[in-house]
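Consider the two complexes below, in which chain A is the common component and chain B and chain C are the respective partners.
Presenting the complex of A and B:
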């Protein structure tokens, strides 16, 4: 239903732009007398200034904090260069490093199996099953962190509904296997949606051709579908491994005595505040992350080359998993396990907030909700406010940045592009401690302010936003830009009349991405936040950590509902905007 | 006859896309299904290829009823409009793929695939990736891949529509030559009457799901069945003599 509308939209857009250009022709004074008019000079100055501000803030908020970590890790007691910090930290935290790698490898492995299975099921199923699976993935995408751990304790813990209540077990759930399980499950949604995008681009005719040549469904899966997913699968492995390395919440909450580098950093920063040691620990995370980042970019290029140039029409993946033999069975089993676990997890979270546990049995209560609404409403309000600010400013920033990157000759273009994308792979702890080290003294003393939190969110989310904007900008014909120049408009006119209107579809998707991420990421923010200005995610972590599960569940539920509501609103606006406005 | 379509019909959600279509084709002949878009020609091809089950009617190939046979077991191959090449394989691997399911040994399969690549003049590109070769070359890879398994019938779904006009003429000649050399029975779908006229032994003209006329090109040009055919082929431009020779073309 959407498609027939599109040409219409293009047409109206085109008309509007045409009018804009003719406006410029009639009203824009074109001076033939002097080399530059005052207005042209001003436009030129604004253009240069804008570029300088954009590139400058990227350096200040991405590059500088990372350099601070590196310098601090080599910093001796008297301010000299030393490797002593590394020796000490290695001796003290060597086991944690191995733990991190162990957990990272296993989590990445299991997570990728779950992700591939879930993606295959979602793209080959039709009807209500597909809707249900997509719905579950979307809810998990907009869920705050720590909910998996919360549900884990509630379901499988010492007094867990399943382990204790159903099976009568009494066991200690706080160990590395719990961490591995929860990480494997909680990284799935993003991976699965990413793989789903790849699967949607596989040429339907290549599947038909394989069938035509005599391939059974199992051969098609093995020979055609999985090989085309290969770069994507490697990306999943890599991303899951890095996320596992960076994840401190899960080991802190359910790791028990088991510690990883990330959880050690958490304790260092919140407890002992030894910034040298914390810097070294972060270097242990930073270096593999940066390495992974370059590998990631290469793999993405490979994946794009493989599936994007397919000429066929994109249609539903025609493959019956049920007929794919043993492999198909395993995929069905893994995805079934995953989706059942997710349903249990969310059923648990949504209900925990409304159930009062007592000796005589469980009963429904609104006591916790009332308590939450009385005490924590302003925290939630602040979270929403911050998210809105980041969404607006971040989206605008991404639009302008992608314009300069795509359309203008910027010095060190490759370098800046790389720098902006880097935070995507950076562990939250690194980004957090980098900000603490960079901005805790004059002239840029930002610690304790809201600004540092907002900047951190903005730059952490910038990579995805610039990617969306660049992709959209590639669709805006260069000729429109030339037309503006041709008719006497300057650089600012191009930005105002061509680039920003052309980026309108990107605005909404960036906005909703920014909003949901700002509401749900914990990463670095836990270390940057001022105790007097708490955010909902922070409260959630506190509540889980102190065992206040009912309140934690309610906060999580509230966050999910708010984000879903905003996404629905954006979706509605997008749908409205797509309709042709012809009277 | 070698290929027989008997009273084929196909309905999608209550809409009849192909209606009571019957025709037959001798071995080694090339049939062109000609019609404007939405006339049901691709649906017909998909039913012969096994990707769509006819709502009613039968398809016989060499006397055998293949109506219910799934595409993987049907001795029929298709050259798809978008080629459907496997992007993660080389040219040679693409061509060899179908032989895997005939339980052929690898070395033997490689030899046979190379032979067919020579047939389409691509042997020097055997180890190239799919995106390293041009559109016309991709089209020939798809053709070699479909022919190497020695199908009893080969289907082509507007195979030249992604190529430019000059290349189209060249590819057309190449296809006809290969078809004659292998004595391959082919069904070719197109909306380009020039293509149909040049390639076909038989032309089937379809209009809104109905077979309007089925005959040799010459007979169709001389005796169009109705006004639709006459208009579709611009036959009003031709003036015939009483003996059946073309006298004049009047461009309108």
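Presenting the complex of A and C:
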């Protein structure tokens, strides 16, 4: 949309520079009292159109389906308006809300500790250790549904290889602690990679200055590094908390008798097909989620000033964790625990596909691999295609969205920012049901099309991407933007020359996240998928459902490999594209 | 080739003549299209003269419980020219999806799943009635009186034991349902949540019918003490038992379970005090895009023994013989006497109240945890 404008802006930049800056300022600050040319008007129109498209699609694909769910929660037996659903559901599942919050808070807390530790280790280590840890994070960021929980049972179950086989314990993992542990580790890779990006931008000069002034490594960590990570830590806490609230897979598989709102929603949908109660439960779930969101915004604003002042060149974090005293030791311990657990878990997933269980003992086999290769791999191709589309469009969408939210005084900014986060707060199945409710009648009949699946993935994953982009944008100095304005550049020039390049690290994270999520998402599109357009993850779903764990593990392995390959390719391409810019 | 064309024409002629006595589903103008239709699909007409084939074409979208049925649908495609797209989904999810779609289903055929879900769907007016001649050969209790659903087999329920754990924990092999309430099994039995698993719903409903309400609930209260937890997926009891996680699983029994004996030390128990069962449904969705193909598929399936034999082979069960007693080539591999006596109509009508009561029963233990 803004493409036709690009050459023109480049050409005129030089011209504008010579003009009185007042004109540019008018345009830059968007007060249109003064005279301005047709070209500037065009830039303004594009800017406005872009904003309208972004906000319009958020309304259509987020607000409208959610309103459909909300509406359904008031639906009485014969289609009348009623509040009875709420009373009934609260009486039945009120305690689950507290369970959800309890698990959410603890999971977010532990997950953040693991994430910060892992990120610090990756940032401060050098050589093979850094590569190894980074590699583990990249691999484990791809988390195909269900197989992680199955591996958890294999490793730490009542007869788990570790708990029973190695340690000789007979414990029961099917309870809330199992859920908390599982969630705490499974959300880490994404968070740690994100924090690692933040750490890479920490001002090396202030660390050097502190060291010159005789600060110990421990106090550098405590007084400089950790405070600078604060916005990132807040994002981790928020995302993990909300993700835990919305996660239904873990409590369903390993929760035993313990249930959360998310697992109750699954239960209401799958067991009773009671859309009304499921909708009410969704409304319940939104309470803590939205509460957490506004708390997060408050805290983030407080820490904004700190980060904006700190910007230096990217460099290796000069810190030896081993010399950081007790805190350093704890960080080492937490990250060590995390990395070992991840290695075990993924080794378990990879190996299950090649192990044939028999009475005489387990042995290596390629039988399942052959079985998998015999079935059609078209679904895998379609999955990759869909994931690529969602990753590209979604990432660009998130970048532009976060720019408007962070840097421009868009009316109802807070509201939109919250709105876009909502899909993240609901279990995927519900967002899927919302889409069916919203788009099953003309003129908006989208059910059974590819578009509904793509849109659902995109908007389900958008919240994480906008959070990443916003946090990264905070590290892009406002001064650069002002400089463009002063030099006569318009908003499009700012977007093109400051915002998008500044968001390059975010692009990589967003793309990776989008791609791996699209490849592994199950819940959100379970209800949307058309029999004629199946995705690979459904094969996985089917295999898990029938108890064919070997095949499920193989599909998971294949998905992981594909995601890694695509990510490596994208990293390579963007790396090449970015090089001229650096010089 | 010429023989084929001839028979096709013959079928077309027959269609034309029968169109008159057909129900209103066949609009008059479609008669004119029949010859063209026949040349494009060129299907061999069935040998029996009674066969009448509505014009069907395009793609039929089927939701099934498993992708294994693909060979059956391939046969259908080969004989009718209708392509079939298959998606596997649990029956509870199908019902949720149907309700959300509000009368615009995105699939045509529903193949497999506990009959309780089909009964609920019929109550919500989401199923299209199908009638055909061979339906009269189906035992009336295994088809809906209005033809909204048919049964394609029975799922029977029993126990799967993990021999290693039974020995290690020094447990006696349970022979009856009543045995399961013995305190020695505490925490070692796993079953699925009856709201999610049609199989385990069948167990609850059947046992309540057999024992009577009061004694029945007493039994489940006692059983609840021994159940580790109620799994939220139907295949979990089986999976957990073979993974050595639990000693006893209450699960469906079929030849796939029997086949587990090859690789695992497991024992299958057919409870002596009666085996609960539940019919497996098949139906077509009301207002579906290709409803004609789905309707014809049901007729096709039940009218030809060859198709039912193939189905029995895929399902790895012989219970289809009970559904259509005149079926040849499939012999029941257990005596029908071991099945509990049931009033199937209560499966639908009692569902809500049974599950509500079951939930309070399960909840009591969750609080104590």
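Note that in this section the second predicted complex is superposed on the first by the 343 of 583 C-alpha atoms of A that agree within 3 Å, B and C clash if a C-alpha of one lies under 4 Å from a C-alpha of the other, contacts with A are read in each partner's own complex, and residues count from 1 in each chain.
The working rule: a residue touches a chain if its C-beta (ideal position, glycine included) is under 8 Å from a C-beta of that chain, and two chains touch if they have at least 3 such contacts.
Note that this is a predicted model, so its numbers are computed, not measured.
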First (chain B), second (chain C), both or neither touched by A:270: second
Touched partner set for A:227, first chain B, second chain C, both or neither: first
Which of chain B and chain C A:547 touches, first, second, both or neither: second
Touching partner for A:426 - first (chain B), second (chain C), both, neither: neither
Chain B versus chain C as contact partner of A:236, first or second or both or neither: neither
Chain B versus chain C as contact partner of A:538, first or second or both or neither: second
Contact breadth on chain A, by residue count: chain C or chain B: C
Which of chain B and chain C A:153 touches, first, second, both or neither: second
Which superposed partner A:441 touches (first chain B, second chain C, both, neither): second
Contacts on chain A seen with chain B and repeated with chain C across the two complexes: none
Footprint of chain C on chain A - complex, ascending: 92, 153-154, 157-159, 172, 174-175, 252-253, 256-259, 263, 266-267, 269-273, 275, 278, 356-359, 433, 436-437, 440-441, 445, 447-448, 526-527, 529-532, 534, 538-539, 541-542, 545-547, 549
Touching residues on chain C, where the partner in the complex is chain A: 59, 61-63, 66-67, 85-90, 92-93, 95-102, 104, 106-107, 117, 120, 187, 193, 195-196, 228-230, 232-235, 238-239, 242-246, 262-265, 355, 359, 362, 365-366, 369
Complex interface listing, chain A residues touching chain B: 203-216, 219, 223-224, 227-228, 230, 305-307, 309-313
Residues of chain B that touch chain A when the two form their complex: 49-51, 70-74, 76-78, 80-89, 97-98, 100-102, 131, 142, 145-146, 149, 162
